[in-house]
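A single structure is presented below for examination.
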Amino acid sequence: MRLLRHFQWDKFVPVLAAATLFIGSFQHEKFLTTGNMTFLIQSIGEILLIAFSMTFLIVAGEIDLSVSSIAALSSCALGYTWQHTGNIPVSVFVALLVGTICGAINGLLVTRLGLQSLAVTIGTLALYRGLCYVLLGDDRLKPFPTSFTSLNYKGLLGTWVPYVVVLLVVFGVAFGITLHSTRLGRWVFSIGQSKDAARFVGIPVRRVVLGLFVSNGFMAGLAGVVYTIRFASARPDGAVGMELEVIAAALFAGVSIFGGVGTLWAVTGAVFFFGAIRSLLRLNDFTANELTIVTGSMLLLSVMIPAIGGRINTYRASRAPTVAESAGVQIRPHTDPQPANP
Amino acid sequence: MTTVAPVATPPPARPASVLAGRATLLRRRELPVGIALLVVLVGTSISNHRFLSSQGRTDLMLAAAITGMVAIGETFVLLMRKVDLSVGSTLGLAAYAAGTAIKDGGDGQLLKAFVVGIAVGLCVGLFNGLLIALLDLPALVVTLGTLYVVAGIQAKIVGGERITADHLPADFISFGVDRFLGVPKLMWIVIAIGIVASLYLRHAHSGRDLYAVGSNPPAAALVGIPVRTRTIVAYLVSGGCAGAAGVLFVARLGGVDANAGGGYELAVIAACVVGGVNIFGGSGTVVGALLGAMLLRTIGFSLSALSIPEFWQQAVNGALLLVAISADRVVTIRRDRAERTRHR
Amino acid sequence: MQAPVLEVRGAIKRFGGASALSGASLRLQAAEIHALLGENGAGKSTLLKALAGVHRLDAGEITLHGHAFEQGSTKRAREQGVTVIYQEPSLFPDLTLAENVFVGRQLRRAGRVDWAAMRDRAAELFARLGVTLDPDRRAAGLSIADQQIVEIAKALSIDAQVIVMDEPTAALSALEAERLMDVARRLRERGSAVVFVTHRLDEVFALCDRYTVMRDGATVADGIVADSSPAQIVQLMVGRELTDLFPKSPATIGKVVLAVEHLTSRGQFEDISFDVCAGEIVALAGLVGSGRSEVVRAVFGVDPYDSGRVLLHGEPLPAGDPRAALRGGVALVPEDRRQQGLFMPASITRNVAVTVLDRIRRRGLIHRRDERVVADEWATTLQLKHSGLDEPVEQLSGGNQQKVVLGKWLATKPRLLVIDEPTRGIDVGTKAEVHRLLSDLAAEGLAVLMVSSELPEVLGMADRVLVMREGRLMQELSRTDATQERIMLAATGQASVG
Amino acid sequence: MRTQLTRFAAAGLAVAMLAACGSDDKKAASTTAAPTTAAAAPTTTAAATPTTAGGDTATTAGATEGSGGAAPAGDLKTGLTIAVIPKAINNAYFDAAFVGAQKACEELQATCEQVGPTEATGAAQTEFINTEIQKGVDAIVISAADADSVTPSLQQAKAAGIAVVTYDADVNDTSARLAMIKPTTPDLIATSQVKWISDAIGPEGGEIAILSAAATAENQNAWIDLMKKDLAANYPKLKLVDTVYGDDDAATSADKAAALLQAHPDLKGIISPTTVGVAATAKYISGSEYKGKVQVTGLGLPSEMKSYLKDGTVKTVGLWDPGMLGYLGIYAAVNAVSGNDLSAGFAADGKTYTPDADGIVIVGPPAEFTADNVDQYAF
């Protein structure tokens, strides 16, 4: 019990990732090789980039399901501009711009019209994907210059480290510090915990939320660029299903879907963990079908373990459950087991 | 000391007149959807006479039947401020199970197919329900998890062994397309279930509880409604409907592959939202959800029938979806503001 | 005297350290309207919640028609025929009024919910209560007054013997209150025992047959309204000498800090003008719903206002901009602690520091040690009882939560402290501490604008008392000529009592 | 799962042993096996074609009458490990192809496994290519889900000294692979389908439409372009009025088919050059009023099209034997790993296949399936 009470899921997740790498290195000799690590990092690059900004959104009590469509649209925009201007820097700029705009649209619909972000982004998910087809349809783009695409397999300064690590570190540190030790970060948590109380301490709730959607759009756009480089191609049906992977990782990391709780290190750990476990299982000849099952089970466990731990604590903490509890009313983060006292 | 009251209390209101507004019309959130549907139907058929030909109607209804069936179940869950993302993969698994059950057998196994399919659905529903109701786990996470697990299991057992038309009983295949009184049999089933569900939600004591819980959970507990039980039931219904939808799926497409049912969840939730089912519980009807499903599929078809360029269709679809959501929101705000000013 | 319908004897109830009921008693007879009187915190609400089945008494007994009353279940309480109608009922916004009346026990015919019957019964009940409400409308957006009517109809529908109304008129306009009192009379006619909790003496005399006065958790007196005078009753209610309260130490009144000019917000309050000087505590008195909280919220900028202006140190303060108010040195301790005052799942440290993030930043980054220092400083000054500054505030007692809110705002070193119900729902000990604190702060030259429903508090603390009624400023009383009676009269609009 | 695989591998090996002995009969058998490539003699196709039912018929065939042609010639390495990566797993077509691959592996005493994503995207395939590179397989035989996305990874595989052969679907950057096993020339695929629809509709012609896979599917897009050319040149009476995309999803394809017929009341025929699409279209037509009025053809698996061919909805569909793609893919790969110069041609199944300048190996014309012969095909 003691252990359970002091058990903190968010601290545990990165440990889990590390442990997987460690155990994996024994389990399969090919696992912890520089080559495989390169692939591992490349394979989680886009997801992690989006996860950074998505964490902010979820902590603030919002969500964005349209990220993969945004990434795809930015990728298509990149391809389209390249096709017509033949200028890579310009194309990249356009791609990032498109992403940012998409995010802004989501944000405005949520903050101005007061729509639920879940509903809005289901809509924009379809819209942005549709625009990809409008933009490219079945056109064949002229191939990207190798100077651009070779970024992917040329390691940093000739090492095995892929370039995307730079982005991950830079943005990871930036977002991490912002969320956990700046005023903005505290605001995000406050908004997620109580929009009302946030207003009473003068936090510009709408502006912040809008900003979060914009930054999320930008990151999705960046992921789109990375995606384009990695696969040397831009296609309207590219970058599918990222939103579920990102959200799954965030939820696994104990970010509360109701807002107000979550840590970036846990999310980063979760993304790495999923990447590592998949890579390891693939090396062990698990099929894609089995990988899917594993992912789902992980997700279920990630909420069940803390919840069950919490249950036990709750019992010991308060014998007489509050009205709310006996009614099974629970609108509280699954990461904190204690019941609110009436 | 009212802040200590165990029930959520609205902010103190200012004095107001005792005018009681007529809400009967406002409550009919299906109305706008129905009208929209009518507009699309009529509008399109004017420019394309074949759109509402007997075959055209059949196509529309067949297309909407499966989404509609799932939407019925999803409505139960949404009404209680919960959500079920696992319906898509549940549909796929049930479809395969049902298909296998009657595969290479003779005619007259329709019932068997449904029993098997629905049974599979109920299992998934029960699993979700228990986790969510008893452990108070967030519905979104749990059902996202089961979405993955079930999809994986389905793909694993199906593999390349897809069920094809020539494995299925002839009467089952024809059941997928036959019409009765000009309406496809599949649609009749959806209608039948829809009616039962509506009657339950409207006229059954336990059905009303779903609305009460979704509308004000703590208060619902205070008047002694068994919230946990109702939650489990809602998920059972959702699972069962997804299972039944799976059977319709096999019948309509004459086969199942490993990816059957993928992506249905979002389409279904969209249908419910458009149909005026509040994602945050308490209001909405099965009829609305069905109309929503009908509307979305109809729009999809009309875009083709109106020869909107292929590559524009999805974009237009997404845009229309946004419009629908925003419109619904605006209407709600208007109504609430109207009532507030009238009463405070 | 006939046998009582319901009787409470020697009721005792403690919450943690604080004792809410210490030997309360109550005797209700059929076909009477019984006034339950007492200041805020006298224990009325706790007693009502015991009757409602929300709380279970630690000691003492409740009998209904001579039999023991089954405590601790809201459902059972109703089934036994006791219904409590809270000041702000909580209906099901998405359901029709008819269904709200019968929710959980909808009328059935042949297993089906009988809508027609429910509609008719509801309509009939509304009619019997002499109100016109459409049974088919949704409850969403229903006025408090109408919500209460629905709750009463609910009570009638299960044919409750005892109907308790907790300050039903507090949030109602005179008109609505009048209608509600009619309803109460009808209930009496049909033989129910009605408990009527109110602060408005005029209502007591206009409506009630007998009264029971509570103070500090115990019943101090009961009697027949006709035989007593308002003065007596007020005396009984106030009871304790004002000296029990920590009196404000005299402070030198400095220059004007806050000046409010003709502030108006349609439907909320009208043409409010007053000012607050440094070192002065100004109390905004009045009944719940008289618009006091709305005024201070508008002043701080969390709510917009239609016309008028707010001057801070002579500088106009932009409307609807809390940050500007903050920068100008205004702090608002809101009325609803849990919803507006605190981030319940967050730690004490986070809650205290959230207002001073700018101060504890070094090169843009929040400096955790500074953060803890701030939190620690105020935890000590306010003698916060906690098991570590990382403890989530939702685990603190009401009193300590209030201290956190105070600390969080005092940390901003404000020059004007606006405090809404400073001691609502906190135990007597902490109350005294809070009062001492406010007084000291004023002595140091802080300007304090205090909204309070507790007259002793108002009289004990305030240099000046502003009384509001129905959105208007009725009267301004200096410390010397402010008395309980005067304030109450101004607040209730009674011509002249006692 | 791993246990399953090992068991499979074991079984495979055992069979390979069997095949290895009694090498005399093999040449005889090879000729009978050869016609797989010639649609002319479907009956023998059936004989030599492994069924989807786990390949045992194939091996028994091999055991008795010698499992097709070229025994591991002295200069071919044995005991190689080869990864077969289809566009997506859980797909009947690719499973059929893999059965052929297994047959080849048995003959060449190599071990091969099929790995791949559940969704047919290049991005998803990349994960598996990378893993196989790590596992250090000797060769990768892949059907590119899209012609660009997988190229970077394949380049890396090449750099790691792995022999890469594409089958069924090629990559744009041909330098990324050594050889491509093409079912048949795009021209032939296009012209045959046009011919089939024309024959089905009859001399008076009319409007036709195409229901393709994904809008981004290179194969289909290439064929569609060729069909347009062919139509313009040789079929003045046939008018292509629309091209829609069913994304190889049964439900979507069915809806698209229905929508097509609403948008084009005078439609006479639909060509669906993808197995999922043609099956869904046929299912829709067979259950609609348009049955008999609207013709359907395209590329379809006999197993899936059987009932529609028999009920007359579809007169003719065609497809090559997918098994043959996998079969030759393995042969090309093993030859490459063994250091043989592929451009000089390689022997398989008793024939010699010589890649063209682009390293493309053509299997042969598609087989035509009709109500009469469909039962003879086992894939």
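Of note:
Chains: A, B, C and D, in written order; residue numbering restarts at 1 for each.
Note that a residue touches a chain if its C-beta (ideal position, glycine included) is under 8 Å from a C-beta of that chain, and two chains touch if they have at least 3 such contacts.
Note that the coordinates shown come from a computational prediction; the quantities given were computed from them, not determined experimentally.
The set of chains touching subunit C and also touching subunit D is given as A, B. Relative to the C-alpha centre of subunit A, the farthest chain centre belongs to C. Annotation: B-C is the more contact-rich of the chain pairs B-C and A-C, by number of C-beta pairs in contact. Centroids of subunit A and subunit C (each the mean of its C-alpha atoms) stand 44 Å apart. The distance from the centre of subunit B to the centre of subunit D, with each centre set as the mean of the Cα atoms, comes to 39 Å.
For this pair, subunit A with subunit B, the centres built from the Cα atoms lie 28 Å apart.
Multi-chain contact residues of subunit C (touching two or more other chains): 54, 74.
Within subunit B, the positions touching two or more other chains are listed as 4, 6, 155, 159, 218, 220, 222, 258, 310-311. Each of the following residues of subunit D touches two or more other chains: 89-90, 118-119, 215. Shown here, the protein chains touch in an arrangement that is not a line, ring, star or fully connected set. Pairs of chains in mutual contact: A-B, A-C, A-D, B-C, B-D.
By the touch criterion given at the top, residues 1-2, 5, 89-90, 113, 115-119, 121-124, 126-128, 130-131, 133-136, 146, 148-152, 155-156, 172-173, 214-216, 221, 247 of subunit D touch subunit A in their complex. Of all the residues in subunit D, the ones that touch subunit B in their complex are 52, 89-92, 94-95, 118-119, 215, 242-245, 249-251, 254-256, 258-263, 265, 276, 279-280, 283, 287-290, 303-304, 306-308, 310.
Looking at the complex, you find that subunit B touches subunit C at residues 1-10, 12-18, 20-24, 26-27, 199, 202-205, 207-209, 211-212, 214-216, 218-220, 222-225, 278, 282-283, 335-336, 338-344. Those residues of subunit C that touch subunit A in the complex are listed here as 54, 74, 301-302, 321-323, 325-326, 332, 334, 339-346, 350, 353-355, 357-358, 361, 364-366, 368, 392, 394-395, 408.
Subunit C meets subunit B in the complex at residues 40-41, 45-46, 49, 54, 74-75, 86-88, 90-97, 99, 103-106, 108, 111-113, 115, 131-134, 136-138, 140-146, 166, 171-176, 179, 267-268, 288-289, 291, 293, 336-338, 398, 424-425, 470-471.
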